[in-house]
Each structure stands twice: as C-alpha cells, then as structure tokens.
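Working notes, structure below.
By letter and in written order, the chains are A, B, C, D, E and F; residue numbering begins at 1 in each of them.
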Amino acid sequence: MASKVQKPLPKATVAMVEESQAAGRVREIYDDIKATKKIDFVPNLWKTLASHPPLLEQIWMRLKVTMAPGRLDALTKEMIALAVSATNGCSYCVNSHTVAVKKLGLDNEGLGELMAVVAMFNATNSLAEGYQIEPDIVPEV
Amino acid sequence: MASKVQKPLPKATVAMVEESQAAGRVREIYDDIKATKKIDFVPNLWKTLASHPPLLEQIWMRLKVTMAPGRLDALTKEMIALAVSATNGCSYCVNSHTVAVKKLGLDNEGLGELMAVVAMFNATNSLAEGYQIEPDIVPEV
Amino acid sequence: MASKVQKPLPKATVAMVEESQAAGRVREIYDDIKATKKIDFVPNLWKTLASHPPLLEQIWMRLKVTMAPGRLDALTKEMIALAVSATNGCSYCVNSHTVAVKKLGLDNEGLGELMAVVAMFNATNSLAEGYQIEPDIVPEV
Amino acid sequence: MASKVQKPLPKATVAMVEESQAAGRVREIYDDIKATKKIDFVPNLWKTLASHPPLLEQIWMRLKVTMAPGRLDALTKEMIALAVSATNGCSYCVNSHTVAVKKLGLDNEGLGELMAVVAMFNATNSLAEGYQIEPDIVPEV
Amino acid sequence: MASKVQKPLPKATVAMVEESQAAGRVREIYDDIKATKKIDFVPNLWKTLASHPPLLEQIWMRLKVTMAPGRLDALTKEMIALAVSATNGCSYCVNSHTVAVKKLGLDNEGLGELMAVVAMFNATNSLAEGYQIEPDIVPEV
Amino acid sequence: MASKVQKPLPKATVAMVEESQAAGRVREIYDDIKATKKIDFVPNLWKTLASHPPLLEQIWMRLKVTMAPGRLDALTKEMIALAVSATNGCSYCVNSHTVAVKKLGLDNEGLGELMAVVAMFNATNSLAEGYQIEPDIVPEV
C-alpha cells in the first residue's frame, strides 16, 4: 500500500543529452522533433536515446514515417499508441500519448470510450487464452 | 522450427455449447449475438463462455455496450481491439478482430498502417522501460 | 481467419528426451515426476527440459517444493498457476493446469468463476495503467 | 539506478471526481462501493473512472458481480486478482489487492506461498514458450 | 487439453506476397534478405509484411542495421532476440530465432543456459512487481 | 502527464528484513549474497523475500546456480536479464540489471545496441502476432 514516507523516484539509467549539450546530428534531430511535433522542448525519451545517437536516429526516423497521416489520421494513430501503452503498462508512454490525444481534441468522454475498449479486450484476450478457444472457421473476407 | 509432421492442434479446455444445444437465456444471447453482429453463426468465444452461462451473459452484455458507436466509431474501436490483441499475442482475438476490421472496410494498406503503429509503440514502450525514462514535466492540457 | 487448409503445427525447438532414452539423474527425476504427480507418463515440458539436464533438475526441484500444500492448498495453487498462464497466454501451460484443476475437482462453474476473475482484473489492470491511477493513501494493514 | 534527487511522481492523466463533487449516479455508486467493500473512502481507481461515468458504472457493476463469493471464496478471488496484477506488473493493482488479502487474513507466510507460485509459473510459462513445448496428448478429464 | 482430433492451424490474416509475385522494390528487398541472411528462401514474416510494402521496407531496413555486429556480436543479438520472444510468447519468433542461434553454433547446453536465465528473471520480475520492491539506493556507476 | 506536486512513491507491500534484524539462515543467505555479488549491502529484493524465508532461500539458491558462468558468460547473462526486464517493464529489475551490466563493462554504446535489439524484436513480435504469421517450413538444424 502507499507509504506516507517520501521516497526518491528512479530516474533514467543513463544520463540524458540536454538540448544545451546537443551537437551535430543530435542537434538536427532535436530540432526536427520540435518542429515536427510543434513543441518547444525535447521529450525525455529522445534525450535518453541520444545517449547512443544511432538509436536516436533509427527510432526517430521510423516514428516520423509511422505517424505521418495516411489511411489512418493522427488522432487514430495516437489512440492506438495509447491502447498499446496501456496494455503494456508503460507509464512514460501512457503519459505522453495522453497529452497527444488531448491536444488532438479527445475529451474525457472519448478517452473513457477508448479505455473501455482497451479494458474489454484485455479481458476477452485472457478468456480466449484461458479457455484456449478454438479458431472459428469463417469464409475468407 | 516447424515440423513436417502433422500434429493435433489443442482445442478449447471445456466443451462448447453448440447452437443446437442452447436453451433459455443462452439461446437468447446467441440470437442477440447473431443479430447484433449481423452474422449467421455464433463464434467459438461465446459457445465456450456458455460453459458457465453467467460469464457468457456478463461478457456479452459488456461487450455490446462497449462496442456501440459513440465518440469513437465502430472501425476505430475494432482497430483498437486488434492493436490490444496483437500486443497481447492472442491468436483467436487477432483473427476475429481482423475479420471485423476488413468487414468495416479496412484494406491491406490501412491494416499495414495499423500494424506499423502497433510495432512502433511496442518498440518505444520497451525503450521507455529499458532505460527507465523520466517523466516529462509538461503543462497540464 | 482460420484456414480450411491443413498446416503443420510447430513442435518443440529441441528434441525431447523420451522415457525410453532417460538414464541416470534424468531417469530418477522422471520417476519422481510420475510418482509425485500420480501420473503414468512424463509431460512434454519435462522431456524437453531434459535436453539440458541441469535445467530439468532446477525447475523440477523448485516446482516440487512450490506446489507442496502449505498455507495454500493444492487446488488454490493450481488455480493461481492457471490464472498466471491465462494472463500470459501460454497455451501449453493453460492446457496442463486446466487438467490439474479438473482432477482436483473444479467443475465448469468453478472454472467459469476463475476465468471471470482473471478477465475482470486483466481489464482493471489496463485501466489502472491506462489512466495512471494514483496510489491510494491507506493506513498500513 | 535510483537517484538521490527527489522527482515528482506522475499522477492520473485525468482529474478524479472527488467524493465532495460526486452527484447523481456517481454519488450512488460511490456509496455502493464504500458499503460493499466496507471502507470509508472511495479508492482512486473509481474516482478516476468517474471522469467518464458510464465506464465507472460498467466496471463497478461487473466487479461487484465477479467478486461475490460463489464456488470460490473472497480470499481465493483476491489472491487470483493479486496473481494477475503481479504478472502484469500493475503497481496500483498489486497495492490494492495486497491490502485486500491481508484484510481477509492472509499473513506473510501465505503471501509468500502465493508469490512463490506466481514466480514459479511465470518461469515455466517462459520455458514452455521459449522451447515451444508440444501439447501433451492426454485423455479428456 | 490436447485433442486427438485434427484441427486446422490458423494462417496469416493477409495473403503473403510469394517470391514469384514480387516485383520492383519488394523484389529488391527479398533479394537483400536472402543475401544478408545467407538463406535461399524468404521467411513468411517478410512475405506477409510485403502486403503493405512500406512496412516491409521500414522493418527490414531497421532490422538490417540493428543486427549488424557492433559492440555485441551476432550470436549475442540473436540470443537477446530469443529471450524477448520467449518472454512475449511469440511462437513464430521463437522458432526463427532458435534456428538462428543454432546456425551460429549454440548447442543444447548453451540454449538451456539461455532458457534458465530467461525463466529465472521472468520469475524475479513477477516477485519485484508482486511485492512492489522499493528501488535500491546505490551510488551511480 | 507528470504533476509538479510531490507525491509519495509506493513502497514494498511487506516489511523488509533489515540486515540488523537478520538471524540464522536469513543471516547466512545475506552474507552469501554480499560475498557472491561482491557488494557491501543486501538489495531490497532479498530483504523483501526474507519476509517469507523459504522464498528467499529458493530464489537465491536458484539465481546463484543460474548466473554462474557456463557456456554463457556473466555479462551475456546479465544482458539477457536486462532484455527480459525491459520487455516486462519491471522497474526495479531494469535498474538493478543495468547497474550489473555497467559494472561488467558495458558502456552506453553497448547498452544502446542492446536496447536497439530489445526494441526491434518487441516490434517484430507484435507484427508476427498481429498478422498471425505462418510458421516457416525449414529443414531441421
């Protein structure tokens, strides 16, 4: 149960590269992150990945392509990201994707519907596994 | 690695209640499932949950409410269900939600974008956890 | 969706040590498994772990101690094992623990209640993570 | 590794509905939660779900039915809830279900046996998956 | 429990692009996969991702960079991939990474040690979560 | 999103057995842990498991055997432990195994490569599950 005693919160396991320390390719990626996301700071995920610049580059380049609107719009993609993060229990990720869906206009009612769907299927997933449900034989769609 | 020898596939751990055996409340729920989902058969998930009728009733009643369109439309809800199922690795669930999103019009390009988002954030979730990324301090939205 | 075409089912990634091949310490452990579990065959889990005998020994010795009745009885321990396996989606494990709980007397109603609890808390777990619920401040128990 | 520097702990991603703000159906459910659980406060899970009242109602109504003693008693159901929460790594949930099992009389020895079972089968689950153990062919029970 | 009746095994939810059908960029990537991995066939993962060519390209390009030997050698990277896949319970992935570690020389003893480590820490992970172990206060390394 | 308000961090759900309180077998195990790991304090994991001494003994004895160098060296085993912990999102575990790999000489570049592999295969695992990729038919190795 929760303690009344104050305890330190763990921090990242490596030192982050602060914006003031960023140079060269890291600097360019930081600028691209702020411009692409229309934010005035570099989130800690990226400042941590910069501890190994090739990882920062790979992940950012792939994320930028993945999140560009296509058949699915930006809000749908962020809602899916939030559903994945809630299912995995990733605290940092849930917080950042919740900020994103709110900025894109999702209100508490929409967020509640999203969470209801996430909860429903985490429940049915465990039932399908817990009973080892047989695959349905259905015509190809 | 995959064998060339044919092996039996596990089946559900309890006997399913076939439509021909369904009576009373189970019969009513089976009819409601087919009418609500506009399908002419009862999926194995429901025929298995019917091995304990109160479970069939609880899950179906909640799923029916959860999936009714609201702020989020039916396709968005099914895509979220598929994202959760892919993240959990639930075979039965992935198969059934894929049938659903295709029926609702998602093509291979849309499904590919959905899977790209699921893959992207399963990757970043493991990075946020693997480095124990510190929470961003951002203004309330 | 499920295919109508027959496909091979993957088999274990290493060759199992069949009972007829077991010698020395592996033979002794196989006999102990059958005597302890009161079964007349060695389950595939153990025949596979025997591909590296120290692993067979470590896991069996620990499982034997863990499953011995103490404050919790055998059925309670097997139900917990099944709940963990359903949550993780481990097919082999769900099948073997379901056989065990049935042998210990759990009927479809009891199994249905167990699955209802597993489903309920997989749902609330995703909600607690999805909303990043704050810890309750409660008096120590 | 843990920092010596104090950091803020993330809080819920939506504003909780405090008891003083609760009205109508939310007020009734809060009263039902306190009466049913025999506690004098509303846990944060429920105050957060109240940000979308239909979600509060769906989850509470289903939890109330699921946790009512049947074939399985209240302590068994809470132990299963704790096993699921430990397996999923849900901090809020582990804390609240631990309070519950202690209130129902489980001592450190009983909790230790429960955790030993949870740890044992999270281990064997990964072995069954890691070796892709073949299903046992056993007679139906 | 396992059935004695033969059942169909689910297949991929989209049609794979067979090598005979591959053209243009997909054809080039298929050739690069075979050359890079020194195999004479294209694994089903890639033939399935080709149902949405941009996904095939993104994932292959990133995998090729990620798996190139650096501080960690090829066998170490494949063992980590297998540990992740066993922990997630991904059948296809466990099978393909097991083929890879064997090709790179890991024998049953080495594979057994790897699985022992995977099992050990899936156990301790559930204990750390199940007891909500407090972070150690240790000096920075 | 992260709050600016200081909140208490949850602590372990049971009282830890401090070194000053340890006696008999617990005392011996604490000494063995410090000698084996060459550290001058007992990590919180062990002080918490000591709340049920048989659990402390089982887990420590098995961990000591599992982590002894064999075909795989100590660093490889710790990297695998970190990969499993990142995949499961176990905060305590990620922190302690990161300390261990750094002590064994892994620098930020090596840690970055490890995390890149963990992220890559958490992504492909979700793709293999999300598309239900068919098993490859490959010759036995």
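Operating definition for what follows: a residue touches a chain if its C-beta (ideal position, glycine included) is under 8 Å from a C-beta of that chain, and two chains touch if they have at least 3 such contacts.
The structure displayed is predicted, hence computed values, not measured ones.
Asker: By that same contact rule, can you tell me which chains touch subunit C and subunit D alike?
Answerer: Under the touch definition, subunit C and subunit D have A, B, E, F as mutual neighbours.
Asker: Any idea whether A-E or D-E has more C-beta pairs in contact?
Answerer: D-E
Asker: Averaged over CA atoms, how far is the centre of subunit B from the centre of subunit E? Could you give it in whole Å?
Answerer: Each chain reduced to its C-alpha mean, subunit B and subunit E end up 24 Å apart.
Asker: Name the residues of subunit C that each touch 2 or more other chains.
Answerer: 1-2, 4, 6-11, 13-14, 49, 51, 54-55, 58-59, 62, 66, 83-85, 87-91, 94-96, 98-99, 109, 113, 115-116, 118-120, 122-127, 129, 131-132, 134-138, 141 - these are the residues of subunit C that touch more than one other chain.
Asker: Which label fits the chain touch graph of this model best, line, ring, star, complete or other?
Answerer: Contact map by chain: complete.
Asker: Of all residues in subunit B, which touch subunit C in the complex?
Answerer: 1-10, 13-14, 49, 51-52, 54-55, 58-59, 84, 88-90, 95-96, 98-99
Asker: Which bits of subunit F are touching subunit C when the two form their complex?
Answerer: Residues 7-8, 10, 54, 58, 62, 65-66, 134-135, 137.
Asker: Give every residue of subunit E touching subunit C within the complex, in rising order.
Answerer: Touch residues, subunit E against subunit C: 1-2, 6, 8-11, 13, 89, 91, 94-95, 98, 108-109, 111-113, 115-116, 119, 126.
Asker: Considering only the defined contacts, which subunit A positions touch subunit B in the complex?
Answerer: Interface residues on the subunit A side: 10-14, 16, 41, 43-45, 48-49, 51, 55, 59, 62-63, 66-67, 70-72, 76-77, 79-81, 83-85, 87-88, 90-93, 95-97, 99, 102-103, 106-107, 109-110, 113-114, 116-118, 120-125, 127-129, 131-136, 138, 141.
Asker: What residues of subunit D sit close enough to touch subunit E in their complex?
Answerer: Within the complex, subunit D contacts subunit E at residues 1-2, 4, 82-83, 85-91, 94-95, 98, 115, 118-120, 122-127, 129-132, 135-138, 140-141.
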